[in-house]
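Next come two complexes, and both contain subunit A; in the first it sits with subunit B, in the second with subunit C.
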Partner chain A sequence: MQADRKTRKRRRLRLGNAVNATLVLALGFITMVGLLSPADSMTGLTADVFLQLVGVLAAVAVLVGVLNLLLVHLGRLPRVRKGGFYSLVVILSAVAVAVVHVLDRSKSWGGDLEGQKVGPRLFGVIQVTLESALAGMVFFFLVYATYRLMRHRVTWANLVFLAAVLIVLIGWLPLKGLDGAQDVRDWLMEVPVSAGARGLLIGIGLGTVTVGVRVLLGRERAYREP
Partner chain B sequence: MTVENLDLIAGWAGLVLTLMVFSYLLADNFLYRIAVHVLIGTAAAYVAIAAVEDVLMPWLRATVFSNDADTSSGVRALGVLPIFLGALLLLKSSSRLARLGNLGTVFMIGIGTGVALVGAVIGTILPLARDASNSFDHESALNGAILLGGTLCTLVYFQYLSRRRSDGEPVNRPHIRTLRFVGQGFVTLTLGALYASAILTSLSIFSSVIHEQLRFILNQLGG
Partner chain C sequence: MANENTYFWLIITLAFVMTVLGGTISSRRRKLPTLRHIPGYDAMPRAVDESIESDRRVHLSPGSAAVGQTSTLTAIAATSIIYALTERQSFLNRSPLVTLTDPVTMAMTNDILRKAYMARENLTAYRSRVVSWFPQGHNSVAFGAGAAIRAKNMDTSSHIMVGEFGPELAFIGESSVRNRQGFIAASTSLEGQAIAYAQSEAPLIGEEIFVGSAYLEPQSATFAGGVIALDVLRWAIIIAIIIAALVNA
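Moving on to the complex of A and B:
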């Protein structure tokens, strides 16, 4: 009885996977043909509609993600010792931004703030300041990581890496008498680095094509049941 | 509250938040964590607001709630479709109904894959391959040879061209080993240059943050 139920479930899963794989193949193929066709052709217009649908779907997915984030943090609120306080900070920050936005939209600010938009100022203070500070702090970690790299083990690849870092950094210095270093930096960026970057980008492109074809053929498990 | 007062509060808030973030340089502490969690909360809210105001509302106004008499019922139904598929994503949290949630994922993956394939071929592989083949056009013979050879060796470096010996050990033929060695050198040089660029970028951001906050403090002290 149980074995029978398992077999039926497995068959249902296989059918679901086949339907999903067929849909992915059809949608991917129509999109590809549409993107390669003239914009005013039937397939071109279909691809355009598909892209708009995916854009809206992605926006809904973002909302679902934000909702999930807030629900997870709401669930953590009672556990003060396990980061419940930080979850409260997340929820209060999100609610504050939403409330300010609603007040901006409804033009509810009174006094001297009448007609003013507080939301963009808040964005400038919190988002821009915090992101700039975090990005600025990365400088210390990058320099420290280079130091650790050489302390850990000295190999020829580490030496080449360090030489490239130093040449680019020294070549950037706007000092008199460093014209030679700047020329070396320019040559390095225009020839060997350009060649390496080109090879890497072509490799990424080939990898994208390989994964894309595997997805279209249903070989990837992203949307399949186990 | 006046606009000047609002700017003053914003300035102090910015200074406090910056110090909270930089406190991480001493050690991981609760001030840094509060700052990061404030960032997460506000970023989530801003992303949600942007998704609703810049994508969902214009789409719904153009389809479902369109005032245009010519808007057919098919277009209105099409307007509901992505909302419906997106709502299905909520079912992915349920173990029994997760399969229905896959339908939205299937749409995104199918169309996304089509776009990625066309983009990779037309936007990346073909132009770069063309550039690589024209390496000798704008450069001297030596630079052209380095450009072309470097690109090819980098590609070889990422290929699995080894053969298995009878004892199962993978070995490369000598010329492949040489090409891979040269390719590794080009990859290392490229990553080193990119790393240095990242250091320079973060240094300029750091100096601009310090400059901004110092200016605010000096303004307060001066007036």
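Moving on to the complex of A and C:
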């Protein structure tokens, strides 16, 4: 009896997989053909509608994400635990951003701020500054990573990597007498680095195509039950 | 424009035919092709096994790969890897930590985790809250800093970062060194890939990100077909570049 139920459940799941795969295959092909057709053609317009639906879905997902984030942090507040203070900061920041946005939209600012948008200015002052400061540290992390790389394993690839890092760094030094290093740096950037980057990007493009084909064949996990 | 479309359809058709043919032949011969050794895919199951043995979590992330944007297929490839690695440890009650920046990908990842636990009939152990969303867009340094701290607080043993990352990947790599955690990374963006190569103990390079399913779920003929298709496409492009170079010489 239980075995029968399990078999029926499995069949139902397979039917679900078939429906999902058919939907994805049909919608995927229509969108792909539409994107390659003129914008005012029937397939072009249909693809446009599908893409707009994706935009709406993404907007709803952002809303769900924000609610989820607030719920997670609100849940952490009553318990006195590590990181509780940061949760409070997140919640207060979210409320402050919402309030500032409402005030921006209703043009309620007075004095020097009259007629101005405070939200983007706050974003520039806080977020961009913080991100720039953090980005400045990436350089030091990378130099340390190169040192560690050589400490763990010395291979030809690692030696080439180290040599490239050194030449590029020396090439950027604004000192007289380093014209040779600057020429080598320019050649490195224009020839091998550019060729390698193109090779990587072509490979990634081909990989994307094969994953796309797998999606169109209905073999991806995203819409298939185990 | 007509030419670009022709090339596009040619590549798609070739990929389609090779995936189907490769998969069909492999499953009929009941012998899957032997895949070349990729250190990154050897290290991933090992990292999960170590996390199981040490009763700690593993940190998985597709980064800023986002469903509905240009990185949709990267997000899908990354979630396939997340599925395979989660399924490996889904008999336990301890879930992996997943961090990302796109809310649609968050929904998809939650579903993928649910399926991984369902595959081992241990759905009660699935927790949706282990998927952490850092509301920031492409190449967010704030994401790197936040995810690194979250991973530390949740006692993770390794970071497996496969998806789209920029310079923010350096923070997580640095945090892994400080906290003696494993670090395996790959990115579809060039900046992220450079950092992944320098910091990762077993990096993946370029298109290797997209063959994760074939390596981590080696019993699937379709995934093996995808690898064959990728190899054929790669050789086709190499031959085309050589011919074009000779013609233009």
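Here is the rule we go by: the second predicted complex is superposed on the first by the 212 of 226 C-alpha atoms of A that agree within 3 Å, B and C clash if a C-alpha of one lies under 4 Å from a C-alpha of the other, contacts with A are read in each partner's own complex, and residues count from 1 in each chain.
FYI, a residue touches a chain if its C-beta (ideal position, glycine included) is under 8 Å from a C-beta of that chain, and two chains touch if they have at least 3 such contacts.
Being a predicted model, the structure only gives us computed values, none of them experimental.
Asks: Under the stated touch criterion, which partner chain does A:15 make contact with: subunit B (first), subunit C (second), both, or neither?
Replies: neither
Asks: By the touch definition at the top of the document, which applies to A:134: first (subunit B), second (subunit C), both, or neither?
Replies: both
Asks: So in the superposed three-chain picture, is A:39 touching just subunit B, just subunit C, both, or none of them (first/second/both/neither)?
Replies: After superposing on A, A:39 lies clear of both subunit B and subunit C.
Asks: Between subunit B (first) and subunit C (second), which, if any, makes contact with A:70: first, second, both or neither?
Replies: In the superposition, A:70 contacts subunit B only.
Asks: Give one of first, second, both or neither to describe whether A:215 is in contact with subunit B, with subunit C, with both, or with none.
Replies: both
Asks: On the A-aligned overlay, A:173 touches which partner chain: subunit B = first, subunit C = second, or both, or neither?
Replies: neither
Asks: Between subunit B and subunit C, point out the one touching more subunit A residues.
Replies: Counted on subunit A, the partner with more touching residues turns out to be B.
Asks: Based on the superposed arrangement, let me know which partner A:150 touches: subunit B (first), subunit C (second), both, or neither?
Replies: neither
Asks: Thinking of the overlay built on chain A, is A:113 touched by subunit B (first), by subunit C (second), by both, or by neither?
Replies: Only subunit B is touched by A:113; subunit C is not.
Asks: Considering each complex separately, which residues of subunit A are in contact with subunit B in the first and with subunit C in the second?
Replies: Residues 32, 36, 54-55, 57-58, 61-62, 64, 66, 68-69, 127, 130-131, 134-135, 137-138, 142, 146, 161, 197, 199-204, 206, 208-209, 212-213, 215-216, 222, 225, which sit in both footprints.
Asks: Would you pull the subunit B residues touching subunit A in the complex into a rising list?
Replies: Per the touch definition, subunit B meets subunit A at residues 1-3, 6-7, 10, 13-14, 17-18, 21-22, 24-25, 33-49, 51-52, 55-56, 59, 78, 81-83, 85-87, 89-90, 93, 99, 102-121, 124-125, 128-129, 131-132, 139, 143, 146-155, 157-158, 183-203, 205-210.
Asks: Give the list of subunit A residues in touch with subunit C in this complex.
Replies: 32, 36, 54-55, 57-58, 61-62, 64-66, 68-69, 72, 82-83, 127, 130-131, 134-135, 137-138, 141-142, 144-146, 148-149, 152, 161, 197, 199-204, 206-217, 219-222, 225-226
Asks: Note which residues of subunit C are touching subunit A in the complex, please.
Replies: 5, 8-9, 11-12, 15-16, 19-20, 68, 73-74, 76-77, 79-80, 83, 87, 103-104, 106-108, 111-112, 115-116, 118-119, 129, 133, 135, 140-142, 144-145, 153, 167, 170-171, 173-174, 177, 188, 190, 193, 195, 197-199, 201, 205-211, 213, 220, 222-223, 226, 229-230, 233-234, 237
Asks: Going by the contact rule set out above, which residues of subunit A touch subunit B in the complex?
Replies: 13, 16, 20, 23-32, 34-36, 47, 49-64, 66-70, 86-87, 89-98, 101, 111-113, 116, 118, 121-127, 129-140, 142-143, 146, 157, 160-169, 172, 188-206, 208-209, 212-213, 215-216, 222-223, 225
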